[in-house]
Amino acid sequence: MTVLRSLLSHDLPRSRVLAALLLVTVLALALAPFVFPGTKALNVAAKILVFIVLVASYDLLLGYTGIVSFAHTMFFGIGAYGVAIASTRMEPGFAALAAGIGGALVLSLLLALVIGLFSLRVKAIFFAMITLAVAAAFQGLASQLSDFTGGEDGLNFRLPALLSPSTEFLEEPLLGVSVDGRLLSYYLLFVVAAVLVLALLRIVNSPFGRVLQAIRDNDFRAEAIGYRLVTYRTLSTLLAAVFATLAGALLAIWLRYNGPDTSLSFEIMLDILLIVVIGGMGTIYGAVLGSALFVLAQSYLQDLMRIGGAAVADVPVLSQLIAPERWLLWLGVLFVLAVYHFPTGLVGRLRQRRSGP
Amino acid sequence: APQEIRIAHVYSRTGPLEAYGKQTQTGFLMGLDYATGGTMTVAGRKLVVIEKDDQGKPDVGKSLLAAAYGDDKADIAVGPSSSGVALALLPVAEEYKKILLVEPAVADSITGDKWNKYIFRTGRNSSQDAISNAVALDRPGTVIATLAQDYAFGRDGVKAFKDAVKKARIVHEEYLPTTTTDFTAGAQRLIDKLKDQPGRKVIFIIWAGAGNPFKIADLDLKRHGIEIATGGNILPAMAAYKALPGMEGATYYYFGIPKNPVNEWLVANHYKQFKAPPDFFTAGGMSAAIAIVEALKKTGGDTATPRLIKAMEGMSFETPKGRMTFRAEDHQAMQSMYHFKIKVDPAFPWGVPELVREIKPEEMAIPLRNKR
Amino acid sequence: MAPAPPLPGAVVAPPLLRLEGVHTHIGAYHILHGVDLAVPEGEVTMLLGRNGAGKTTTLRTVMGLWRASAGRVLLAERPIQALPTPEIAQADIAYVPENMGIFGDLTVRENLLLAARRARSLDDLDTGRLDWLLGLFPALRKFWLHPAGKLSGGQKQMLAIARAMVEPRRLLLIDEPTKGLAPAMIRNLIEALREVRRGGAREEQPTTVLLVEQNFMVARALGDSVAVMDDGRVVHAGRMTDLAEDEALQHRLLGLSLAAHQ
Amino acid sequence: MLETRDLTIRFGGHTAVDRVSCAFHPGTLTAIVGPNGAGKTTYFNLISGQLGASSGQVLLDGEDLTRMAAPLRTRRGLGRAFQLTQLFPTLSVLENVRLAVQSRRGEGLRMLSVWLNHRELLDEAMAIVERVRLTRRADAPAASLPHGDQRKLEVAMLMALRPKVYLFDEPTAGMSVDEVPVILDLIRELKAAGQHTILLVEHKMDVVRELADRIVVLHNGQRVADGEPATVIASPVVQSAYLGLAMPEAA
Amino acid sequence: MALAAEPVPKTRFDAIPLLLIVAVALAALPLVGSATSWATLTIAGLAMGLIIFVIASGLTLVFGLMDVLNFGHGVFIALGAFVATTVMGAMGGFVASPSLAANLAAVAVAALAGIVSAAALGVVFERVLVRPVYGMHLKQILITMGGMIIGEELITLVWGAQMIPLQPPESLRGALLIGDVAVEKFRLLAVIVGLAVFVGLLWLLNRTKLGLLIRAGVQDREMVESLGYRIRRLFVAVFVAGSGLAGLGGVLWGLYQQSVIPQIGAQVNTLIFIVIIIGGLGSTLGCFAGALLVGLMANYCGFVAPKVALFSNIALMVAVLLWRPQGLYPVSSR
């Protein structure tokens, strides 16, 4: 128990239901290759892992520091492009991976520094809008530098042999699952994601993390008791950028592809925002639950609607509404309802019920 | 017992290319119907189509194609609508060692440097587009300036066009950001470049997606004797051509142009089903379906990939665009293109392209760009 | 402590505002536990009590900014507890909230203009009345066209009070107006409130005032009647003069000791 | 020693603090009085760094702080309680104070330890919460406190900083009569300790008379009187401009 | 007024941003080189600026008065444009007629229909989506985005996913020639509409109490209600007005583009956000100045250095914010 406690940085779920849900999510992700066989299911699980890290890193920025930025996908994209570009330009191998991630981290840190310093010059809402434009510009740049980035088409690349699907480690499938590079990649993702999330949990529960919350609440007061906004805001931006970059690298490793739509698009930014809010801002756990729910909905809503659509195929307007083409409509409705009904997010809602420690 | 043959169709059922995707899908289903004579079986095996929505996103498409080959046990796949998605799909086909018949994504690199032997394409590629247009416009004494989007697609298109132009003179290449909405600046630059040139003056436009570059015609280009030329497009987009009577170019398909039984069947049945003519991508979808059925007929219903590849390399088949042939080297379907001239007919809400001349595959030297 | 019954003969004028058994909850907290209060017409009633006694909550409940979960609020015998806030205000009530409620982005002039419901532009305002107010609080004239957010703490307080008095009202609810005011300004304020209550030359009718106050000197100088709250209830109600004379009672109700004030 | 030399700030055409020179010594309590809008709060803002001076200097123990940002001045030993309460509204009372303690001890940048494990900070914060009699409310969010308690919390955060110079801006405004002594006792204790410089803005003259060693009067941004409480209060400028006594019709 | 006998001088009207526009135009002259090219670019740029202004004005109005960041603004633009396709389609006779009056009538009816339908959607938007999230920027962003997705999908459901042509009537096509300078006729119409909207808004905001009330309501809604105003209704009214303006903008934009797709609103989102940031988030005058600057810069950059045009808007925004961190005409304290 004490190990768990210190692993979670003393920030326990504080709700039985929440604890149970988290446990289920973690177990499901840990056992996904065996419990949910199939290519699609594994892809969904991997996407959930990547989003958990990505969203948790954004929660540090938004939920804990109160900075609204639309440029978070930029760092995500840098991480993904780092791996992609290094792997296409260099011999595929761990050296390329390391170089790609290293280079991406350096670039992310530099950009985050500039953005972080800019955030002090303008008011919060201006900052948000500026990051929106910066993100758009970055996307434009990625498309312009097509010699490097593959432009709109993106980059397909190969990974070290150890991680590629064609590498089989066992002759026979284990529990019906072939033990190959893909399985290894998945568990690599799982372990890295777990470490990163626990690290974020530690950061937000450190003395530093508490200062961030104070700044979010009243930055004027925080300055007046001796905390320099420059230092804390910038550090928070840098940290969030680092974690997002790593999430991007994970995505690229999993997909063995990267392009502007995959890691830089505004749509992803929106998904992140929504997940943070659905999950519960300033909780980190919200990122875990939110990502799982959202990615599941996003991936299976259309299938669900196909079934529903078939059932009402003869009803004129309804059948059109439920046609799988219109899945975004329902995602939008879910989106709105979630913001509506979970003002404090899923985690906030569960904690309010005060069910046990 | 003969099992079914599973064909996955990955396309943009939603997303920015939804309208295109729908046309391809319609054409594809009609094509299966036509090629199997309404039985939906080949060599006693039933054809089953599995639809996948890539939403126009490469990563989604990639995951869906893998799921189609892996989980749904698709024997063959068709799609997708966008080139970006197509490029992400290529390695998946290679990984699963199954055929991907690309339709209608156009990027040259699909059958070029990113190609692998599992990739075939019924759709035209950018080179075919560009070269046919070059053939249509290439006359001595003509002065051409190009207007294209400033990204890889636009630049490649212009390059292929330039390579194919032999007699005319290209004096200027104008690239504008893909997000351009006000074309005045670009138009003014083009006017300044062209107005004092001798001979016939043409602005050749390669533009896909948002923005309406044909608006530059509103700047009264005629006073400088400048014409506009461009390729074909979907019908709603050709509404803008109404303002450009007499405009010349080359198109991939217009329902009124090809004269052959397949097209006649397509137009008639499409009218019957949808009260509208088939559009640009409908024909492509049909061609893809015909190609698959013909290949399966050749193998006697055998879906083993090596046999299919062997059957398809060099295979010719009849499509709404006439006879197509998969070139053995890069698996690109060689096909006719159509030199047209726009006529304004009040009966149609778009500018009607009238056939000037069919450009036969033999007339176009489509370069091989893959490293085979 | 059981609520002290109103002293016999305490109510000279019939109450303009009456609260009967008002309970108010804020979120999960039960704040007012059955407030009974009568504010006689034409008088200044002081509402006193320690920090957290529920004075602010009482005023906010009258304004409908928080909803009474039980009990009635009657204005001239008309129940108003279910009305939306704008309608309560339109029943001719002006309110000065504890946090002053200044519109910081608007100028002093615009703040006053908004408070004058009947005026479309400043030219419609009663110039005499405005002059009188600006005479009481000269700082407002000085910063007439400045954003109100830039005013000093006391100046904001003046603006909040002036805003409530820019047009004659039947009932004034004021929450701690003297907080942050310099002594000279407190004098002016007392003067102004007396004038308003008298229904002086400019008034169409006498104004009834319900005033929350911590400063007992001010309370004594202004109040006709008084109510003391503790823990969400009114624990004493009566005439101000009676309370002013009874030091033991002051001590018991308010914790006043002679050392704490002059 | 805290000193201001010709400290001035102008907002557009309006000079809110006008060439104020003053020195304040450790162990003394100086009351700053003046009519509303005289520039008292602005003067504090210039000293603690919320506003930058148009001209003039702020010196603490000989070091020039004029161009220094507010947080650095706080770390140099300038502590401030605000006239309009400034709290961390969603954080608990204890956490508000703990953050101030943490800042003083310079532990804000630790990222890898868990805050709950820093017991000493919590204990110290709790002691201060007890001193301002907010123990019962220690876990309540600051926003839910009644006005008077918020004022006490404001003061508690200042105490937690243990500065060399205490700047109190109307600490007792809006506080009920029985609570005022809590704050006044705190200030008395600080004064008795003898090594702190204390500046107090207060409109309650009885408080000023009792606590202050010296009174500085600001009027229209200028220092118009300075000295012993009794003399200053008796001076005509205070009697008329501040207390409003010279105006016979206002009696 | 006698009262303000000796008020502290009021801040004077700040003409610098407007002069900046003139300066930019003049500075571009030597870069462009030829006077006719310059004139063509300038006139087209100003007209484009005014179109952008109409599109963005609703957004800045809603943000400036109500502090609501409506990321779903684009949906009103799209709706306006789609309604216009239907109306213009139905009025085929008027559109095809050679008479200018008939043409203008068709456009006017389309504009009206666009405004009304966008305004009606605005009512729904305000009630269902925005009302619960007043004062919470982040949730506003999210919920209005959600609304935008739903709206776009519903539009696709009604009008289909394919592009719909929207041809302006005959007499509004082509250009007028002034010497060698070509001025598109449609842009002239846009100039007139844009200026009318601008003047109307300024009047409403500066000459009536309405603007004041709503600004006050944003800062302290409880207080405005305590003063006896029904702020709810006013908020609805403003939101509806903003939506209606977006609808009008959509009609203009659709006619300008000559075709309409469901994403038409989303496509201009970034552009209009940049414009209102440059203007100062909430200032109508600022939005006006910002839109003109953006329109001009796009043309000058596009002519002088097309590569740069992609980033010209963002560069302009950064430059303006470095100079004035709160935009050209700051709306105080936000």
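Per-chain numbering from 1; labels A, B, C, D and E assigned in written order.
Everything that follows uses one rule, which is that a contact is a pair of C-beta atoms (placed from the backbone, for glycine too) under 8 Å apart; a residue touches a chain by one contact, two chains touch by 3 or more.
Chain-to-protein mapping (UniProt): A, E = Branched-chain amino acid ABC transporter permease; C, D = ABC transporter ATP-binding protein.
Please read these numbers as outputs of a predicted model, since none were measured by experiment.
Visitor: Chains in contact with chain A and with chain C: which ones?
Guide: A chain counts here if it touches both chain A and chain C, which gives D, E.
Visitor: How many hops, at fewest, get you from chain B to chain D via touching chains?
Guide: The fewest touching-chain steps linking chain B to chain D number 2.
Visitor: Can you name the chain that lies farthest from chain A, using the mean of each chain's Cα atoms as its centre?
Guide: C
Visitor: For chain B versus chain E, what separation do you get between their C-alpha means, in angstrom?
Guide: 37
Visitor: Measuring from the mean C-alpha position of chain B to the mean C-alpha position of chain C, what distance in angstrom results?
Guide: So the centre of chain B lies 77 Å away from the centre of chain C.
Visitor: Cα centroid separation between chain C and chain E, in whole Å?
Guide: 45
Visitor: For chain B, write out the residues touching at least two other chains, lowest number first.
Guide: As it turns out, chain B has residues touching two or more other chains at 18, 150, 177, 179.
Visitor: Quick check: in the complex, which residue numbers of chain E touch chain C?
Guide: Per the stated touch rule, the residues are 1-8, 10, 209, 212-213, 215-216, 219-220, 222-231, 331-334.
Visitor: Could you please specify the touching residues of chain D with respect to chain A in the complex?
Guide: Where chain D meets chain A, its residues are 48, 50, 69-72, 74-75, 80, 82, 86-91, 95, 98-100, 102-104, 107-118, 121, 157, 161.
Visitor: Inside the complex, what are the residues of chain E that reach chain A?
Guide: 69, 129, 132-133, 137-139, 141-143, 145-150, 152-154, 156-157, 270, 273-274, 277, 281, 310-311, 313-314, 317-318, 321-322, 325-327, 334
Visitor: Spell out the residues on chain A that touch chain E in their complex, using ranges where they run on.
Guide: Touch list, chain A to chain E: 62, 68, 121-123, 125-126, 128-130, 132-134, 136-137, 140, 144, 270, 273-274, 277, 320-321, 326, 328-329, 331-333, 335-336, 339-340, 343.
Visitor: In the complex of these two chains, what residues of chain C are touching chain D?
Guide: Those in contact with chain D are residues 26, 29, 49-53, 56, 98, 139, 150-155, 157-158, 176, 179-185, 187-188, 191, 214, 216, 254-256, 260-262.
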